[in-house]
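The data blocks that follow each hold one structure.
What follows is a pair of complexes built around subunit A, which joins subunit B in one and subunit C in the other.
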Partner chain A sequence: MSITLDQVTKRYQGSPVVNDVSLEVGEGEFYVLLGPSGSGKSTLLRAIAGLTGVDHGRIALHGNDVTHVSARQRGVGLVFQNYALFRHMTVGENIEFALKVRRMKSAERRKELLRLVALEGMDDRLPTQLSGGQQQRVAVARALAHKPPVLLLDEPFGALDAKIREELRRTIRQVQRELKITTVLVTHDQEEAFAMADRIGVMNLGRLLESGKPDELYARPATRFVATFLGAANLLLARQTEQGIRFGAAPVNARRVEKLEGGREQEVVAVLRPEEVELAPTRDNLRTNFIANGIVEEQVFTGAFERMRVRMADGAANAHIASPNANGGSNGSAALLDVTRTQHEQRLFPLSLGQSVAIGVRRIHVLPTPLSSYTAYGSDEASCERLSQHPLLVELASRMKTRIIKRNEAPLVACDAPASAPVSGVAVIAAGQKTADQLQWLLQNGAGEVLVLPAHSSPPQKVLIHWADDSARRSTLAVAASLLRHVAAEAVYVGILPEGSGGESQRPFGVRTLLDARSEAQAVHGLEMRTELRFGAAADELQRQLTESQDPMLILGVSDPAQLRGTFGTLFTSGATYPMMIVYRPSKDSEGAVE
Partner chain B sequence: MSFRQPSILPGFGLTLGFSTFFLSAIVLVPLAALVMKTATMGWSDFIRVVTDARALASYRLSFGASMLAATLNSVFGFIIAWTLVRYEFPGRKLIDSLIDMPFALPTAVSGIALTAVFAENGWIGQYLAPLGIKVAYTWIGVVVALTLIGLPFVVRSVQPAIAEVQRDLEDAAETLGAGRFTIFRRIVLPTVFPALATGFTLAFARAVGEYGSVIFIAGNLPMRTEITPLLIVIKLEQFDYKGAAALGFIMLTMSFVMLLSINLLQAWSRRRMVAAGR
Partner chain C sequence: MAGGPSKEMLAEIASRPGRDTLISSAVKYVFIALSLGFLAALLFAPLATVFITALSKGWEMYFESFKDEDTLAAIKLTLTVAAIVVPTNTIFGIAAAWAIAKFEFRGKSFLITLIDLPIAVSPVISGLVYVLLFGAQGWFGLWLQERDISIIFAVPGIVLATMFVTFPYVARELIPLMQQLGNDEEEAAITLGAGGLMTFFHVTLPKIRWGLVYGVILCNARAMGEFGAVSVVSGHVRGLTTTMPLHVEILYNEYNFVGAFAVASLLTLLAVLTLIIKSLVEMKRK
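What follows is the complex of A and B.
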């Protein structure tokens, strides 16, 4: 491996800007780090170059650990967005700089490099006499002069216009292939990422969310963020049943890509690419699965493609669509589906505004996230309303591009009557004296995940993860992975062994549990987390850790509702001051009985 | 041929006329008067006055000490400006405003204060005396006074230039394998050089013309610690107006030649830095 990052973390004023990033870039690979501004991608690049130190984790280049090696010694090739050419030196002097400081012969190499970037004979020009594209080529040549171990490019095309950008992209890719040099490019432009990358890593909020080949990431994203950031996507809430996927009333026999954990019927998030939508005059004319009827509301001609938005009229209308262009999960975008059609499709079925159409889907991808939508539960209108306006909840829902429903349930106080409708998605309740009772009631009525919010809480900085027993492990990790993609917090798994129960002899067992947990989180859920081993009573240890941490959050997995009153009872009695996510999956025996 | 440049704001004629008038009234006419006054004396008289041994010694002190002070200021002013621009520390704003104090202080006050501090029984002087270093009433004292009054010129000229040096340039040089000293010498210094030259010129010019602070600390011993401006004043007090004018004329000419050459050097290096297209 040319570049190996192992749990690299960089904090800025306490909060992580690069959060537990692990990554391997192969020999001669062109890797693109893609993410919006502020996602930590440039910081990560500077950390690889050695210009920024890391607070945690290790960095290796070609197998040599360079975590504590200075930028000067690492000697990577680095290209900046603003070229960073030395303006008082000629092009030739710029390129020879790295060789001159090493007291190496440079004339030959200079000629070779100028040929490589197609700037022969420009040796004596000053950078200010060159165009932007030429300057950036000089910068690339300069970065390659000393034959660096890896080449790093920080938004190298940011300051160039479209035509030159295209040309320079080709030059850089060509140079990279010719030299077979391992390259990492940072960009916020997904088109650029697709055009250049062997592999893409998508970053958001300091985390590396997913990493993979461009086509695979596009076809099978694992997270909402990647689905919507790489190309356009309609996110739909659907129900996964034994028969397949249902949008509202309409069952769709769409091919499922991945089977979600647990055979139970549940709410899922489906990705529908605008180009996978088929429009036809009537349902019978569709060659694909019908999902709804609709009306064309917006139509834009963009040359090769026609973009439109279709309002879904029935059935799937309440499936709620978070369209790629809508900000967050506002209800205004509900039931509006983004569609693109090729020229060919346009000729077969010309459309105009206001026309009714039947909508079909060619392909649907279901995201493997257990967090679909939020439902705020309260025992009266006012408390529902207040809870649904909770800043943390609103923030989460908008980042997840999902909806918040309000549901007024009187039994929340009485706790003996059944719910008016089965609980689906994530249930949300306010923290209080009766939290434990309410949790139990929700779990009995079908909730799998419950978010408990105190009246006042800041965005979490540190998320503690713990599960009562192994049967809750998998789903707790899945929830944690999904949640942590949307908050900029550090994840710590807390393993707790009973005190005195064998003492030292217990330690190896405890450590193995931690390692297992970490590798499962990494392998199955793509979640990087740290681990801590404690001894004592679970609730007390958690309570202590939570009070010690600044702005903590707890994700707690249980396999039996009784554990909430028993083992973890003390966590709920005093009305928590931090947010909690309770994950409940019945233990293996009872689950087997259901199936 | 027209000098007129098309511009959004009108008033080329008015502003040029105003500038010419103002420069004439305040700068050119007095200088011309100086030249005229000098011209009334004969060549032999003129040569005698300006090559008098006492005059020659005063030129050496005035220009030598000014040059030395401006050089010292360039070094320390650069370091101070660097500290103020690059680092955040408590009291930064305070130090930043202290820099301007020599601008505002009456020069006589700074001269007296320096004398008190550097005299043989002063705060600093008492520690220097055993080492055999005498500051007050020697040429060193002159340099110290000229350094004090010239410092703000360097700091204020260099500050914006340092702020403009992109960190990326230093980062780039570091990844290319340059050590700290190389980065400073080959990247930072060339970028800041034009501004540093400006600061040097201003500090030098100010030092050559300085009178108030120097006369207190210099002791004014003929041939040893007597600066040219002081010699001029002495001549005036003896009602030797022509002699005073002759010395003034020499100072004027030498200052002009030196400032002009520094300015040309600076223009040349600036042209190299900021060429067409930027």
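What follows is the complex of A and C.
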């Protein structure tokens, strides 16, 4: 491996800008770090170069640990967005700088490099006499002069216009292929990432969310963020059933639907790419699976494609969650579906504004996230409203690009009568005296995940993860991973063994469980977490950990509702002051969910 | 429709913004005349007087006044002080600007304020501070006397006072420049394998050279012309602790007008020369 990052964390004024990033870039690979501004991608690049130190983790170049090696000794080739050429030196002197430092012969190498970036004969020009594109070529040549172990490019095309950008992209890709040098490029432009990358890593909020080949990431994103950041995507809430995916009332028996593992019927987030949507005059004319009827609301001609927005009618309107005003409990009336059509499709079925159409879909991708949407439960209107305005919940929902529904359930007070409708998505309740009863009631009514929010809580800094028994492990990890992608917090798995000789004798087993959990979190969910082994009663140990940490949150996995009263009862009676996420998977079903 | 544009059209053209109407051009010339007149009365006239008075008894007398030993001593002292103060302040100025522009630290804004202090404080006060510190009745006066070190009413005092007054010039010039130019070139040099000194001399210094020259020129001009602070600490010992500005005052008070104005004209010439170099540097910077 040319570049190995192991749990790299960089904090700035206490909050992590790069959070537990682990990454391996292979020999000669062109890796693109993609993310919005402020996602920590440039900081990560500077950390690889050695210009920024890291607070935690290791960095290795070609197998040598360079975590504590200075930028000067690492000698990577670095190209900056604004070129950073030495403005008082000629092109030749700029390129020879690294060789002069090393007292190496430079004339021949200079010629070779200038040929490589197609700037022969420009030796004696000053940087100010060159165009932006040419200056950046000089910067690339300069960075390569001393044959660096890796080449790092920090938004190298940011300051250039579109035509030159494309040309320079090609040059850099060519140079990279010719030299077979391992390269990392940082950009916020997904088109650029697609054009250049062997592999793309998408960053947000300091975390490396997903990493993979461009086409795979585009076709099968695992997270909402990647789905919407890499190209356009419609996110819809759907129900995964035995027969397939259902949007609202309309069942879709899409043949090419990718099936989620696990047999339980549940709410899921479906990704519809605009180009996978088919429009036809009536349902019968569709060659693909019908999902809803709609009306064309917006039409934009963009050259090769026609872009439009179609308002969905029927029950499917409720499913739409990606519209900008989707948070804060909108009733889904703004269910606009983004659609792109080729010229060919346009000719086959010309459309005008206001026309009603049948909407079909060629391919649906279901996100493997267990956190689909939030439903705020209260026993009266006011408490529902209050809960749905909870800052942490609003923050989570907007980061997850999902919605919050309010559900007024009187039985929540006594917890005796069944709920008016089965619970779907994440149920949210306010912490209080009756939390344990309410939890049990929600679980009986079909809830898989329940978020318990105290009246006042700041965004969590530390998330403690624990599960009662192994059958809840997988789903708890999935929930934790999904949640932590949207929260800049540290994840800690707490393994607890009984106190005394019984626990001591189990110690090797306990340690193995910890290591297994950690590697599963990393391999399956891309979640980096610390692990701690404790001895004692589970509830007491968790309570102690929670009170000792600043702004904690608890993610607790159970396989039997009775565990909430029994093993963990004390956690709920005291009236929690921190947010809790309860994950419940009945043990008999979870067998199916595991494999 | 013969006879050119109509009256309305002319009026419309005249009322267009940016057009020279009669009134607007009148206003323009009045303002130019006013400022020229003001400058003539307050700047050019005194400048001319300096040279006219200096040359009133002919060139011979003019050059004669430079043969006076005390005058020569004053010129020498001024140049010595400048030779000590300007390089010192250049080094400190670069160091301060570097620290402020490149690093984040506690009390940074306080440090910037401190650097501005000499400009805000009256020069006389700056001189007095040193008298209070190092004078015979000052805090360290006795200690210095016992060791036979004289600072006040001696060259070290003059150097100290001048240094205090001229400290901000280089730093103030460099801080915004360094902040604007950023760190990228230095970082590029480091990743290319250059050490600290090499980065400074081959990358940073050439980058800031014109700003630096500008700051040094201003610092030098002030160092040679400083009167207030120096006057307080010098003690006016003829031939020993009088700088050129002080010497001008002494000669003037002795009714040696030609001598006084001759030295003054030399100072003025130095100032004019400084301004010319400054303009050249400014042109070069663009």
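Following the convention adopted for this analysis, the second predicted complex is superposed on the first by the 562 of 595 C-alpha atoms of A that agree within 3 Å, B and C clash if a C-alpha of one lies under 4 Å from a C-alpha of the other, contacts with A are read in each partner's own complex, and residues count from 1 in each chain.
Methods note: a contact is a pair of C-beta atoms (placed from the backbone, for glycine too) under 8 Å apart; a residue touches a chain by one contact, two chains touch by 3 or more.
Computed from a predicted structure; not experimentally measured.
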Checklist entry - Put the two structures on top of each other at subunit A: do subunit B and subunit C fit, or clash? => result clash
Next on the checklist: Contacts for A:Gly77 in the overlay, against subunit B (first) and subunit C (second): which applies, first, second, both or neither?
Outcome noted: both
Item to check | Touching partner for A:Arg287 - first (subunit B), second (subunit C), both, neither | outcome: neither
Checklist entry - Touching A:Lys163, do we find subunit B (first), subunit C (second), both, or neither? => result neither
Next on the checklist: Once chain A of both complexes is superposed, is A:His344 in touch with subunit B (first), subunit C (second), both, or neither?
Outcome noted: neither
Next on the checklist: If we overlay the two complexes on their shared chain A, which of subunit B and subunit C does A:Arg103 touch? Say first, second, both or neither.
Outcome noted: neither
Next on the checklist: Contact-wise, after the overlay, does A:His456 reach subunit B, subunit C, both or neither (first, second, both, neither)?
Outcome noted: neither
Next on the checklist: Tell me the contact category for A:Leu126 with respect to subunit B and subunit C: first, second, both or neither.
Outcome noted: first
Item to check | On subunit A, positions contacted by subunit B and by subunit C | outcome: 49-51, 71-72, 74-78, 80, 82, 84, 86-88, 97-98, 101-102, 142-143, 145-146
Checklist entry - subunit B touches which residues of subunit A in the complex? => result 46, 49-51, 70-72, 74-78, 80, 82, 84, 86-88, 97-98, 101-102, 126, 128-130, 142-143, 145-146, 148
Next on the checklist: Quick check: in the complex, which residue numbers of subunit C touch subunit A?
Outcome noted: 184-185, 187-195, 198, 202-203, 206-207
Item to check | Touching residues on subunit A, where the partner in the complex is subunit C | outcome: 49-51, 71-72, 74-78, 80, 82, 84-88, 97-98, 101-102, 139, 142-143, 145-146
Checklist outcome for this item: Per the touch rule above, subunit B residues touching subunit A in the complex are 166, 168-169, 171-179, 182, 186-187, 190-191, 272-278
